[in-house]
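My structure is below; once you've seen it, I'll send some questions.
Per-chain numbering from 1; labels A, B, C and D assigned in written order.
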Amino acid sequence: MRKIKKIAVMTSGGDSPGMNAAIRSVVRACAYYRTECVGIYRGYQGMIEGDMIPLTARSVNNIVHKGGTILKSARSKDFRTKEGRKKAYENLKENNIDALVVIGGDGSFTGGVVFNKEYNFPIIGIPGTIDNDIFGTTHTLGYDTALNTAVDAIDKIRDTASSHNRLFFVEVMGRDAGFIALNAGVGAGAEEILIPEEDLGLDRLLESLKKSRRAGKSSSIVVVSEGDKTGRNVFELADYVEENLEDYEVRVSVLGHMQRGGTPSCFDRVLASRMGVKAVELLIDGKTNLMVGLQNNEIQTIDLEKAIKGQNDINRELLRVSDIMTT
Amino acid sequence: MRKIKKIAVMTSGGDSPGMNAAIRSVVRACAYYRTECVGIYRGYQGMIEGDMIPLTARSVNNIVHKGGTILKSARSKDFRTKEGRKKAYENLKENNIDALVVIGGDGSFTGGVVFNKEYNFPIIGIPGTIDNDIFGTTHTLGYDTALNTAVDAIDKIRDTASSHNRLFFVEVMGRDAGFIALNAGVGAGAEEILIPEEDLGLDRLLESLKKSRRAGKSSSIVVVSEGDKTGRNVFELADYVEENLEDYEVRVSVLGHMQRGGTPSCFDRVLASRMGVKAVELLIDGKTNLMVGLQNNEIQTIDLEKAIKGQNDINRELLRVSDIMTT
Amino acid sequence: MRKIKKIAVMTSGGDSPGMNAAIRSVVRACAYYRTECVGIYRGYQGMIEGDMIPLTARSVNNIVHKGGTILKSARSKDFRTKEGRKKAYENLKENNIDALVVIGGDGSFTGGVVFNKEYNFPIIGIPGTIDNDIFGTTHTLGYDTALNTAVDAIDKIRDTASSHNRLFFVEVMGRDAGFIALNAGVGAGAEEILIPEEDLGLDRLLESLKKSRRAGKSSSIVVVSEGDKTGRNVFELADYVEENLEDYEVRVSVLGHMQRGGTPSCFDRVLASRMGVKAVELLIDGKTNLMVGLQNNEIQTIDLEKAIKGQNDINRELLRVSDIMTT
Amino acid sequence: MRKIKKIAVMTSGGDSPGMNAAIRSVVRACAYYRTECVGIYRGYQGMIEGDMIPLTARSVNNIVHKGGTILKSARSKDFRTKEGRKKAYENLKENNIDALVVIGGDGSFTGGVVFNKEYNFPIIGIPGTIDNDIFGTTHTLGYDTALNTAVDAIDKIRDTASSHNRLFFVEVMGRDAGFIALNAGVGAGAEEILIPEEDLGLDRLLESLKKSRRAGKSSSIVVVSEGDKTGRNVFELADYVEENLEDYEVRVSVLGHMQRGGTPSCFDRVLASRMGVKAVELLIDGKTNLMVGLQNNEIQTIDLEKAIKGQNDINRELLRVSDIMTT
């Protein structure tokens, strides 16, 4: 086992709140363990282009609360090619970098695993995405913040929905996973929640909205995940419902990219701090191909490949709670 | 001049943050002046349907900070008919209501003026709309809050825009007036601002974005008012720019109805409190057909008809400031 | 086992964000299971005074996002007497109440256990307190929100601290437990964190601040738990440090009761919804003397007496992370 | 009139939200008018020590939304001496600086006027303080943000006050001026507001609280300005009231320095942008000894000496509104 003298950190794929806190943690942990630290800009693309900067404990002052990522992020087509990865490896060697912390999602981890196989390069993953769709951690970095952003926006929308007795379809992020929709929906007291994991069916949706109206509710919020299974996008869905429901004025709101930004919640900042330290300690201990994750409120590790292949199931208990809440 | 013994208050048209604070103020001012107060639900429609409730000082406890309107709001087609207005008048008489405070926008005031002409019924308007498009007041109720909501959302979008070197088109409310776009754009540090009052032209927009990129800016925000003059909606605009600009990944975010909701800012709560008191005092003093407004930080009045016909010009100085900020 | 036909719910002790969401959940779960529900005002005191109200699914509309508790809360001296509890029992019987959900902390649960022993009355506890000092759950209701409130306030204080090169002592809540201080301190990037569980010693504090200054930090935040072990209150502490440190202008900020209020975070709303349902289901299933809690992100139960006697240890790993972050 | 080729900008005295937006505006306006710009750190003290940095349009990217001041602020004793000012002047000359924009309050402007008299050095003031106690502008920079911060905190405190039927004394900033207390008090729906401009008298306070209790209010908020005229600090005041009122549990919360920090509101960002441009244009036009201010929603100027000597009167109408609101 070679000694780790210099660690690189980067953010890759879609950004999420808490990435800066994680970068800061990796940098500070390196300083604590007297290991050099380098930041790579724009993920794998910056690695290929040799776009890097040395990072000291002071260079990450005052970023723990910032949204986005000071190292920028990107998706890299070049890294999918053997040539791209070769160039990336050469840049790492040239800069005497011994190990890598990748903050990102599934796609970023897949790239990391391929790279490790080809070059036996030590790599640890930190799950950073608002979608919470990574196996091996109860919470990904940024997910908690995105939930608060979504709920805050839906609270505002409910103000105007109630004032006008309207029905709102609110689309939240989550192409393949309904975690944001389900949790933000329950948190915001939505009347219905449409998620990719479950096909409610349009008829049941109509029935449920009619029942809610009969029960005296004059306004309603339906939270829809980007990737819901109705086969219609949120606008078509709204049109369909408006045509088939009497007396409901229907509106659509797509929350969009604001869910990716903003000051991270305390939860995400603390999680980022814990994960960053663990990632550095794992590398120094000679570990590789692991992802750090939260399990039972403790920092644990899981094989990167398992993290990629596994899938977080939607919480059935919470689905049931959601049904009961809309009694 | 008949003595005013009972005043009705209602909210009409699109809701805006601060309407509840204004209702509370009208009710408390009535209590202070030992005048009865009645709330009418759903604006003119509720007036026609006789949907009313007596309001005491205590019934408006704990609403000063709430978005939306506890009296609900609506647009009423029936009130545009002679029969509708007759029914409304009869309901007012039947309930011994002597005067009316209408919290709403242009459309609501127009209805009020017509009603006053037909039935000589005392009426005072409070300008409540997020669009700030009412003549005779520097600030409408809810406008300040909507600006903060928009700027807060754009701040979040900028986090992710900067992380990915993207160009975002952010649509804010304002069909006929660019006040939200111009102020939120300057406040959020947008690179370009498109408003209905000015046709920048697509070529100049492209030129400006190219210049900004040359100057080293890797991400940009363009704030677009709903009613901008490019003749394209925000999605078409984004497509056009993406086709004609190299190296820019373009995204769109439509902030939508969340701008109408949320806890009102301190400014809007204070403004609402001042306007509500003034409206009641005017009615008690035998005045009618006036709108209360803010001028030079003081509560003033203006003829309702002038308020309807006049138009707030966009602030040319602020347009210039906006240009200078994007140097 | 008698059939549970009517369940009472109350909030007791210090209030915390999410209590309303928990009340709503208990009420809606009762409705779902066709069980009657009654709200008791002001905790055990209201039980003694017979201060109750029937609650239906509709009566808890629009409270999921509200801070405080619509049922009010109180500490009751009378309930510590046999007579008080007798009166309370008689009121429950008179109102045909079969079981009780208590939302509160240790003290409230102790009262519940005593009551259950005397009258064999079914009781389930929901841990509601911002302090997170209840055994058997990784998160109490309101704790996550309080952390965000604290971190948000410290972020603001850091702005002015950095502008003036000042040292701030910020006191957060937590008389017996340092959870808020430790997590908010790590989340806000504090230079030092003083908690009841650990006596850092004043000398080490001074040494650490001097080191931080030497490392080039011109401003610093020290987060102090109410119950820290220095034997001085936060003002005395600040005086001591100002006397013994050169070149530091010291200021104190006591965050105080605002930490108990505010709109609950999504996390707390979802947690409340899950706990409320579980509490009702346990009672219907004939269970008693249990507290619902979160373990490994799942709703679990624990004996109320264990919950009262046990103590949550401070997270040693997080203490270590905190040290590393201030490298 | 000499041509202005290089302008310096600095922040001085207490910091306030929006100062960074004002710095950015001065810098961008200089770039627009092809004038060099220099930032001076720590106000007059940095001027004396020659602590400066060139600022280009790009160096103020991404600061419009930041609290605090990137140029730091300070109070300088040395600048009160002839020697200090001489050294400051020499540093300005040495760096070819032709004019100065001072962002600060009364004290900072007084220093500027003295300096101008001694060295005939062009100087323009931008009113930056949360206290709104500067004559010649309806709004100082940071005041609007501080109001929102205060109201947001009081909203949270009210949650817990209502839950426990408590009386809270909340101290807000404002040593000599009650603007924050009066506006935040009205905005937050406080039952009483104590400000330096008016001595309510303790007896009237007690009477008013008793009346409020009789009227059925079970909880109350009293907002107190730092410099109120009761002759007691907020803790003594609370003790006095607790001793003399039955049935009220009294608590105190001192909001403190968090009021100076935080992300500026849209209003403050726009105001800062407008003021910064005007300040630069005035200097380029050969003007000096003026303060830019907001009057009737337009940017105006006033003699610096008048701004220092004048005093903003508390708004009597708003005092009256406040009385009516607590009916």
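Heads up, the rule we're going with is that a contact is a pair of C-beta atoms (placed from the backbone, for glycine too) under 8 Å apart; a residue touches a chain by one contact, two chains touch by 3 or more.
Because the structure is predicted, anything quoted here is derived from the model rather than measured.
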Taking each chain's centre as the mean of its CA atoms, the one lying farthest from the centre of chain B is chain C
Chain A to chain D, mean C-alpha position gap in Å, rounds to 39
For the pair chain B and chain D, the C-alpha centroid-to-centroid distance in angstrom is 28
So, in whole Å, the Cα centroid of chain A is separated from that of chain B by 35
Where chain A touches two or more other chains at once, the residues are 155, 158, 162
Contact graph of the chains (line, ring, star, complete, other): ring
Checked against the stated definition, the touching pairs are A-B, A-C, B-D, C-D
Note: in the complex, chain C contacts chain D through residues 11, 15, 17, 19, 66-69, 72-74, 149, 153, 155-165, 168, 251-254, 256-262
Chain D residues touching chain B in their complex are 24-25, 28-29, 31-32, 57-58, 61-62, 64-65, 138, 144, 147-148, 150-152, 155, 158, 162, 183-184, 186-189, 215-217, 263, 265-267, 269-270, 273-274, 277, 295-299, 317-318, 320-321, 323-327
